[in-house]
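Please read through the structure below; I'll follow up with questions.
Chain naming follows the written order as A, B, C, D, E and F, and within any one chain the residues start at number 1.
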Amino acid sequence: MRVSVYRKEHFNAAHRLHSNSLNDLENKTVFGKCNNENFHGHNYELVVRVTGEVDPITGYVIDMKVLSDVIKEFILNKFDHRNLNLDTEEFKNLNPTAENIAVVVWDILSKQLDKKYTFKVWLYETERNFVEYPAAD
Amino acid sequence: MRVSVYRKEHFNAAHRLHSNSLNDLENKTVFGKCNNENFHGHNYELVVRVTGEVDPITGYVIDMKVLSDVIKEFILNKFDHRNLNLDTEEFKNLNPTAENIAVVVWDILSKQLDKKYTFKVWLYETERNFVEYPAAD
Amino acid sequence: MRVSVYRKEHFNAAHRLHSNSLNDLENKTVFGKCNNENFHGHNYELVVRVTGEVDPITGYVIDMKVLSDVIKEFILNKFDHRNLNLDTEEFKNLNPTAENIAVVVWDILSKQLDKKYTFKVWLYETERNFVEYPAAD
Amino acid sequence: MRVSVYRKEHFNAAHRLHSNSLNDLENKTVFGKCNNENFHGHNYELVVRVTGEVDPITGYVIDMKVLSDVIKEFILNKFDHRNLNLDTEEFKNLNPTAENIAVVVWDILSKQLDKKYTFKVWLYETERNFVEYPAAD
Amino acid sequence: MRVSVYRKEHFNAAHRLHSNSLNDLENKTVFGKCNNENFHGHNYELVVRVTGEVDPITGYVIDMKVLSDVIKEFILNKFDHRNLNLDTEEFKNLNPTAENIAVVVWDILSKQLDKKYTFKVWLYETERNFVEYPAAD
Amino acid sequence: MRVSVYRKEHFNAAHRLHSNSLNDLENKTVFGKCNNENFHGHNYELVVRVTGEVDPITGYVIDMKVLSDVIKEFILNKFDHRNLNLDTEEFKNLNPTAENIAVVVWDILSKQLDKKYTFKVWLYETERNFVEYPAAD
């Protein structure tokens, strides 16, 4: 009996959209006000979905407390109250778009979660803009 | 690397559920107070999900500003602050149920979005009633 | 020991902003797309706050079920799934702005609620536009 | 033309996480404060998604009022304002985790919904913890 | 320069509405399904508003972290994942209506918060039922 | 007939809590991770409440479109997608706590809104931390 469980966490971070593959004018043209050299920021909401068998003893797919702790230790400790461009190794040379953040989060979690699970992440940059990785189809 | 991105927009419209294939009594029976001949209305929330490759230069699947502008130009301009039954060609002869609105929205967007993308829409008629097209399974 | 209690209800209605004191051009200028002659609509959220003494026997200021039933009987029965301009006596000659709806709702409830209570209403036309009556100050 | 429709309902219930396959110390260790012998409780939000063909006459996949009534009669009547462990047959010998509740809800609904539909449930125990059954993948 | 600051916390608890001043039949009549002898429960949301002078050095009325910690230590530690009727001294002989819980919360906090502040609490039993103490007017 | 109307807007900004009246160690001690020298950020939600007489001709206290435009021109243009500490005159020498931002917003709006109105602002730094100015009491 397989069930999917979801855990929602949040972090607050500064970032700036800027691609090393583009010159300054191109960056300004493509990213507009999101390219502001002094950064802006977001309350990011992160939803992690984990799918697996329900343990017949506990009735859990995964202990939500454990899942929450993994997210806090490996994602929030790294990104919360940080500047994604300046304070993290991951985005030193990678543009911190919502798409790229979601992929980075997934990669980090994939090293921490038991291989018996499949999992997916949603990252909300605002209430109206959000992304899903791996892609829905 | 494929990612799905979501954009949420809203519009306020009047409508009335009424099927040309039913007589007045049948319409009243099937649609109840939603059949009120003088219309009622909703704050519709529209979520559009677009799936595609992340551009390695920009880190975008699609520029959310562009996606938002497409939705505004082709959907909101047509439906926002309108009477779906009286003011739109699409629902002159089609009952504006949430199901039918979602299909109409998808059809309109399919002519505007690049064929390299797959996409899907969710339409919230209220916080408690919403639909998804194409269907989930 | 006085406490304030709140009950939230909702109704879906069509309306059109149009003032009998203005001509057509003025109405168009002042109300823009809200003046659409074929109406538009909203999911209205109504919050009613009732203040009074906590009954030492029940621990209630007012039974929320009773408050909810009063709102349903006298407000929702009148406005839900209706056209405010065409289907209600109250707005036959009164422009159904959020301000005016709130005042009308308050007046109706004032005839139903025990005089030992003071009360106030908030009406949400959208998540971003809402009003309060009586005024906050 | 297939569309998925969603209906959201809620119920308030008490429960306690406790597995008959574990001894008291193990239960305390695994479930922590959720094992409190005097119970705690939640405002559960239940979302049911039904997928099927849009009826060309009505424009409905399923009448939302009918779907809502089925959920109310067979799920809310059983669980709302109840103690899941003490007041329901289903959880007399089954630990009422969110995972197990979702499976039980699905099983009950599967006996009531027409076989022409496929359907799925999401159960929100809190805004931050929720589950989906059948599993997403 | 006085500003009001708000902090929102939540706790999950079981309770039963039952007044010692009423007999069983009266309790059943007044409280209905909320009187269920095996309890039900809620995700309570608690909002605490603190008003005071903005400290010209820090720009804070009160450090939100400190306010959050006080609420966690004195309110959540006592009520979260508990049965209000059985597990707390406060509601051994007091009916745990939202009104009474709000008053009890306020009384507890009044012993912990500096007298230079004025403060008020809102308690949400559900999204649609909530209370405020001290009363709004 | 006086009514209060509310308009909600949002902006995304980076900031860092840092007081010029404290040394580095004190700043670190008082503001913790909010003092991060490379900034973090938020999705700020701003609610402006305006109180006045309902115009008997229009049924408006103030045209919400006008109110929204004033907020956009004088607040969002200044703060949205900016670094509050580096990009704005107002916070060059003022710590951008939620308290101080609310006061600054109020001061700016007070020069734009007609003196016949009274008004107040709420600033949400997160869903769980928000402030109100002028103070509630």
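Basically, a residue touches a chain if its C-beta (ideal position, glycine included) is under 8 Å from a C-beta of that chain, and two chains touch if they have at least 3 such contacts.
Since the structure is predicted, the reported quantities are computational estimates derived from the model, not experimental observations.
*Asks:* Among the remaining chains, which ones contact both subunit A and subunit D?
*Replies:* B
*Asks:* Residue numbers at the subunit D-subunit E interface: does the shared fraction exceed half, giving same, or fall under half, giving different?
*Replies:* On the two sides of the subunit E and subunit D interface, the residue numbers are mostly the same, over half being shared.
*Asks:* Using just the Cα atoms, superpose subunit D onto subunit F and tell me the rotation angle to the nearest 5°.
*Replies:* 180
*Asks:* Can you give the whole-Å distance between the Cα centres of subunit B and subunit E?
*Replies:* 41
*Asks:* Express in whole angstrom the distance between the two chain centres, defined as the mean CA positions of subunit C and subunit E.
*Replies:* Their C-alpha centroids are separated by 28 Å.
*Asks:* Just curious, how far off is subunit E from subunit A if you go by their C-alpha centres, in Å?
*Replies:* Chain centres of subunit A and subunit E, defined by C-alpha means, are spaced 34 Å apart.
*Asks:* What residues in subunit C touch two or more of the other chains?
*Replies:* 127
*Asks:* Determine which chains touch and list them pairwise.
*Replies:* Once each pair is checked, the touching ones are A-B, A-D, A-F, B-C, B-D, C-E, C-F, D-E, E-F.
*Asks:* Where on subunit F is subunit A touching in the complex?
*Replies:* Residue list for subunit F touching subunit A: 10, 12-15, 33-34, 36, 38-43, 80-83, 86-87, 126-127.
*Asks:* Spell out the part of subunit C that touches subunit F in their complex, as residue ranges.
*Replies:* 17, 19, 21-22, 30, 32, 94-100, 102-103, 127-137
*Asks:* Given the complex with subunit D, which residues does subunit A contribute to the contact?
*Replies:* 1-9, 49, 51-52, 54, 56-61, 63-65, 118, 120
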